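The structures come next, written out as structure tokens.
Presented sequentially are two complexes of chain A, the first with chain B as partner and the second with chain C.
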Partner chain A sequence: MKSFELVRPRTLDQAVTELAAGGAMPLAGGQDLLGELKEHLADPERVVDLKRLEGLDGIDVDGEGNLTVGALVTLTALEEDPRVRERFPVLAEAAASVGSVQIRNAGTVGGNLCQRPRCWYYRTEDTPCLKRGGTECFSYAGKSKYNAILGGGPSYIVHPSDVAPALRVLDAELELRGPGGERRVPVADFFTLPSEGDVLKENVLEPGEIVTRVRVPALRGTWRSGYEKFRERDSYDWALASVAAALRVDAGRVVEARLCMGGVAPIPWRVAKAEQALLGPLRDESAWTAAGREMVRGAEPLEHNGYKVPLARAMIVKTLRRLTT
Partner chain B sequence: MAARDNHGTGAPWDDAFRVVGQPLRKVDGLAKATGQALYADDVQLPGMLHAKILRSPHAHARIVSIDASAALALPGVHAVITGADLPIRYGVIPWTPDENALAVDKVRFVGDEVAAVAAVDEDTANAALDAIEVEYEPLHAFLDPREALATPEPQIHADIRGKPVRGNVSKHVELEFGDVEAALAGADLVLEGEYSFHGSTHAPIEPHCAVAQVSADGLLTLWSSTQITHYVHRALAQVLELAPERIRVIQPCLGGAFGGKSDPFALEFCVALLAQRTGRPVKMLWTREEVFYAHRGRHPMQMQYRCGAKSNGRITGVDARILIDGGSYSSFGLVTTYYSGQLLTGPYDFPSYRFDSTRVFTNKPPCGPKRGHGSVQPRFAFEVQFDEVAERLGIDPIEIRRVNFQGDDTQTVNGQRITSNGFLRCLDLVEEASGWKQRRGQLPYGRGLGVAGSMYISGTNYPVYPNDMPQAGIQLKLDRSGVVTVFTGGNDIGQGSNTVVRSIVAEELGVAYDHVRVVAADTDLCPVDLGAYSSRITFMVGNATIDACRKLRHQIVTALAEAWEVDPRRIRLMEGRAFDVEDPDRTVPTREAFQVAEARFDTLGSTGSYNTPQLGGDYRGGTIGASPAYSFTAHVVEVDVDVETGIVRVPAAWCAHDCGRALNPTLVAGQIEGSTYMGLAEALLEEHGVNRFGLHRGPSLLDYRMPTSLDVGDIHAMIVESVDPEGPYGAKEAGEGPLHGSIPALANAIHDAIGVRLRHLPFTPGTVLRALRDQGGKGEGAAVGSTAAATSKREAR
Partner chain C sequence: MRRMRSLRLKVNGDEVEVGAPDHWTLLEVLRYRLGLIGSKQGCDKGDCGACTVLVDGAPVLSCLTLAALAEGREVTTIEGLMPAHVARGGAGADPVQDAFDRCGALQCGFCQPGMMLSARALLDRTPFPTREEIQQALAGNLCRCTGYTQIFQAVEQVAAEAAGIEPAEPTWATYREAGQQPSPRARGVKGEDA
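For the complex of A and B:
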């Protein structure tokens, strides 16, 4: 790790100013940044510690049931909040699936959304990975077991966040704060495909801009939601394929369905046709299979990740089986 | 002369053991649990410098030039050394010295050591590494052992010990015992199959670390996280051209090794030379990433097996052809190549056997000994094929293993002497405990049980370098304080060898367990022992310890008998007291007994030693793999396969291990559990490999997935005590044998669960899904046999 100057602002304005000055990176729980520093993937001149900012570590539910989560809320706090567990189980389950207890105790919601890819080419200092300014995505012709089957090219990372697919099916919005002020961006528009956005980034954050809050609109009606994560190891691991699902149920029928996958694409992967396939009787295995088919339609596996196609379909079926039982 | 086999297998004083067999705490257990244990990285010396190594970014390249002037000019940098400073080649096997501490002329894998820097702190040393300019001329890199075998140029090693190397072949061994072709021709069933074992590494929790200090009078002291102090001592003398008497090597408390700290490593030579050059103590602690590069882990093997059997299940012959991917250096590879064939000839009787093993160099991190050195991979292949033989012949997989049992007090087809053999008892135990008879075949689709058997050595009579001196030596000192101090060259690497030594001394001399102090693995203080490898320490050091104790015991008993004017045969030393067995009221604490003996015989001390008997077949290589006693193991593994996602869970595994006698059942059970865990881990999760540039695929503990407690089911450890005539009180090894069968038992359980034969490790979800997709007669080679079972199981669903 190279030496850096640690800045510990008290106010959001100060923090944004420090970050906008260049050569600076934000630090919250540090669960990703410290690894990047140690591996020499990031060499900031200044690290701006956000943990002293006030008002960003709370979970609030207003009278209408809308949820607001501060970016500094730890994953443990999110996972354990009774209101989140009751009203938005998909979010609590996603938070609970991250890393390990220690990581969730330190890691924050904002950090989970903004963490960098886990692709081993990206994580190896000696590889001139496309996402670190290199010329080639090495997973394309290399070891691709953990890489994207959907939405890939020119980079084939998968987004590592578990919280993101959950927020995506909750139609959440993110509150951002930067040198240009505050703005709100739907989670749907926050993450960017490498073919569409800046390949060096995974989201629309501008230089100096940070996520400050997550806003989740209340769910009206009767909803069932959940998060299923498939990983090789039961802790300290990322999804090979995960499914966030939310179903509005009325009179034994699914009247609204939202379905989003993690671990298969550079962004949380939500497919409208897959959701439409689920409308109808509550327990309809053929609908789950159809949803799975729609979800992976157009998948282009690389050499070593073809298994993710049947795996993704299986995870959708498993998730829906659980939610409708 | 070294003592052997003259102590019997019983308790030293009467029928019952007092200490041996008790679940006693480890010597260093509390120190480790409380953080007081001192590891190599805890060594802090005044004025100490920190060293770092520059590593090759190329898998194979010629070094054109190295310019370290800018690094040397940096403030705080004290010295930079390169291959030119350490030109003498070494290797742990004296016949294959092909390593330099720092690369000379060539680098052979990504991570090969090129230069080392000593500086005031690690940051400065790292900055200095960045300032070293190395010009490379890349060469073709061999990452595929088949290509390396087929293509002689460019050679990874042109010569070793002055002898030209044939292409990229590291070692080739071909041995045949009996007439295999005739035996296969006479079989009712011959199966042929291809199997492969991927690479895996040890991942000890403590990274390699070494600290060197040179005293004012020129004595070099090295603290190193090694598991073989003696070989490091020898290698330092050779490479540094120092007389052995100028070198002291100390192994502090060690945080795991598993074979990965058996070789002399670059860091030991580098800190030694840097300490000589700078006149200051120098420490080097490798990062986790560097531990992955240092590797010396499990060799990937591509294996073809043919097995012939009669319709009653009796094996007629086994034929193996094995391609071993050695990585970039020889390490223990000569032994690995022999072990890949020599250690398969039990617990079953092979009437005929042939193996043809070829180890080739590739431009990857060097492979070496990992727990179950050389024999885990062939055991996987054979036991999976053997399971299929049983299936084809309609014989229960446990029964076919009984049918072929070789027996005890026998000789294997390749000339190895088998003494005790508790394999049948192991099979009985796992069969019973797993509910095999009631449950196998009755479990729902996706769940299954599998079995495997195995054997392993308790040390070997091949002492790495030829000599007539004992393999194990030990020294005892006791005095009027009542304390017995034991000096052993044995390396306690967490397996508990110091605890075993303490137990034996307490048993033999009748002193309280905590009155025995163990000083270990310090070449100045301790007699030579060959170190912690090949599961030799309990067996060999244990025998040496009994030898030393019996000599001292004789003096104490004699002195006491004279003082009490009784027959020495009436004297007992037990549980902290000496007494007259015919007049138990006549008794003193052992401390007083020691005082009587010290007065009678002067200062008290003794030495003990052990050497192996003449063993092994009368042919070249016949002594490699020849052991004074073999351990035997049976595993049953239960699996739960999710056929939708391909994930394989192991809710339970049963392992029964014949360790001769359990000197400390807690330690034995720990070894059984740890071995079984390690085997299942490498079968399901762990993979050590490189990408197409030869760069390690994930040199971190996040990317190299070791199972956590959440991923491991119940491991039931069962101990079988066959009481071997050669071992200390009948003990044999326990540290490596119980790994072998876990992997094939897992594969066989998967077959039982889903009707698919997996022949290629690791068993990842992707592998399982693909095998499921391909099943139904479309599998490769002999896989067709699985179709019937798969179909019937599905229908039963």
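For the complex of A and C:
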């Protein structure tokens, strides 16, 4: 790791000013950032420690059942919170599926959403890929086993967050704070496709801007939700494909459905037609299959990741079978 | 620009003051400033768990923790397990260390400091863990030698002995104490029985 100066602001204003001054990067749990620094993927002059900021490490549920999670809440705290487990199981399960115990004890919700891609070309110092300002996505003609089957081009990363698909099906909003003040962005608009946004970034964060809170609206009615993740290695790993699902059930029928996949695209991948396919009787295997088909419609696998198409479909069926049993 | 700082850390119950560059990890300060080389620098990037230490009782990766961020918190390394056990009125090594030894839960030993700290943290929270809970708690600690079975058995041995009962599955320790050879099953060989 190259040397840097560690700055430890006490207030959000100071933190944002430090970050906006340039040459600085934010540090929360450090589980992604330290890896980046060690691999020389970034070399900031200053690292701004956010852990001393007050009021960003709490989980609150208001009288109406709306959930607010501070960006500094650890994944362990999120996974273990009884209110989250009871009301938003998909979020608790997604948090519990991240990394190992050690990583969840340090890693934060904000960090999980803002972590950088795991693509090995990106992570290897001597392959200066598109994501690092190079001219080529090496996975396209190279080893593409872990890359995107949907939404790819010109970069074929997959977004590595497990928390993001869960928040996506909960229609959550992110509270951001930057030099220009505070703004709220739905999770649906936070992540950017490489073809739409700046290929060097995975989200809409402006320079100096950070995620401060996650806001999850209360779920009204009877919902069932869950997160299923398929990993190459069972101990701990990023998703090859994962599914976040939330179903509103009324009188034995699915009256509202939300489905989002992780591990298959550069952003959490939600498809309205797949969700519509699920409306109707609660346990309907043909609807699950149809949802899976819609979810991967238009998939363009690369040379080594064709397996993700049937995997994605199977994961959807698996998730829906569990939620409707 | 200031890139060095003086850190006040609490390690294994001792208050220490140590100077280190801002970018040094807790692992580097433990090993190269404080001489606590029990915490291993395996991958040094969050893959292996060999650098696991307890911070306020919770296992974290010291290779992914900046040393400055450990200020004001209680750090426990493998060197601190036995003193802590003795301070609590115990005799000798922590029961986890003892059981790992008796169960043959190690070969080269490189993973052990991290493994035993993860096991200690698990047992502090969950004194009678299921096999699945043990597997999940130790999932972040990679072992290249043992194949894990004896490690899981060692943790079960600690729990069983604390409760004064026999572990559900016989372990090496059980056999050794009875003066017998461990069965293939107790050695973790699948599909054969004693």
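Operating definition for what follows: the second predicted complex is superposed on the first by the 324 of 325 C-alpha atoms of A that agree within 3 Å, B and C clash if a C-alpha of one lies under 4 Å from a C-alpha of the other, contacts with A are read in each partner's own complex, and residues count from 1 in each chain.
Everything below uses one rule, namely that contacts are C-beta pairs under 8 Å (C-beta built on N, C-alpha and C of every residue); 3 or more make two chains touch, one makes a residue touch a chain.
Quick caveat, the model's predicted, so the values are computed rather than measured.
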Partner chain(s) touched by A:Lys51 [first = chain B, second = chain C, both, neither]: second
First, second, both or neither for A:Asn105, with chain B first and chain C second: second
Chain B versus chain C as contact partner of A:Asp198, first or second or both or neither: neither
Contacts of A:Thr127 with chain B and chain C, given as first, second, both or neither: first
Contacts of A:Glu5 with chain B and chain C, given as first, second, both or neither: second
Touching partner for A:Leu34 - first (chain B), second (chain C), both, neither: second
Which superposed partner A:Glu182 touches (first chain B, second chain C, both, neither): neither
Touching partner for A:Lys145 - first (chain B), second (chain C), both, neither: first
First, second, both or neither for A:Glu232, with chain B first and chain C second: first
Doubly contacted chain A residues - partners chain C and chain B: 3, 235-236
Chain A contact footprint on chain C (complex, rising order): 1-3, 5, 21-23, 25, 44-46, 49, 52, 55, 58-61, 63-66, 68-69, 118, 121, 136-137, 139-142
For the chain B and chain A complex, residues of the former touching the latter: 57, 110, 123, 644-647, 685, 689, 691-693, 695-700, 702-703, 705-708, 710-711, 764-766, 769-770, 773
Chain C contact footprint on chain A (complex, rising order): 1-6, 8, 27, 30-31, 34-35, 37-39, 45, 47, 49, 51, 76, 99-103, 105-106, 235-236
Chain A residues within the chain B interface of the complex: 3, 118, 120-121, 123-124, 126-127, 138, 141-143, 145, 230, 232-237, 240, 304-308, 310-311, 314-315, 317-318
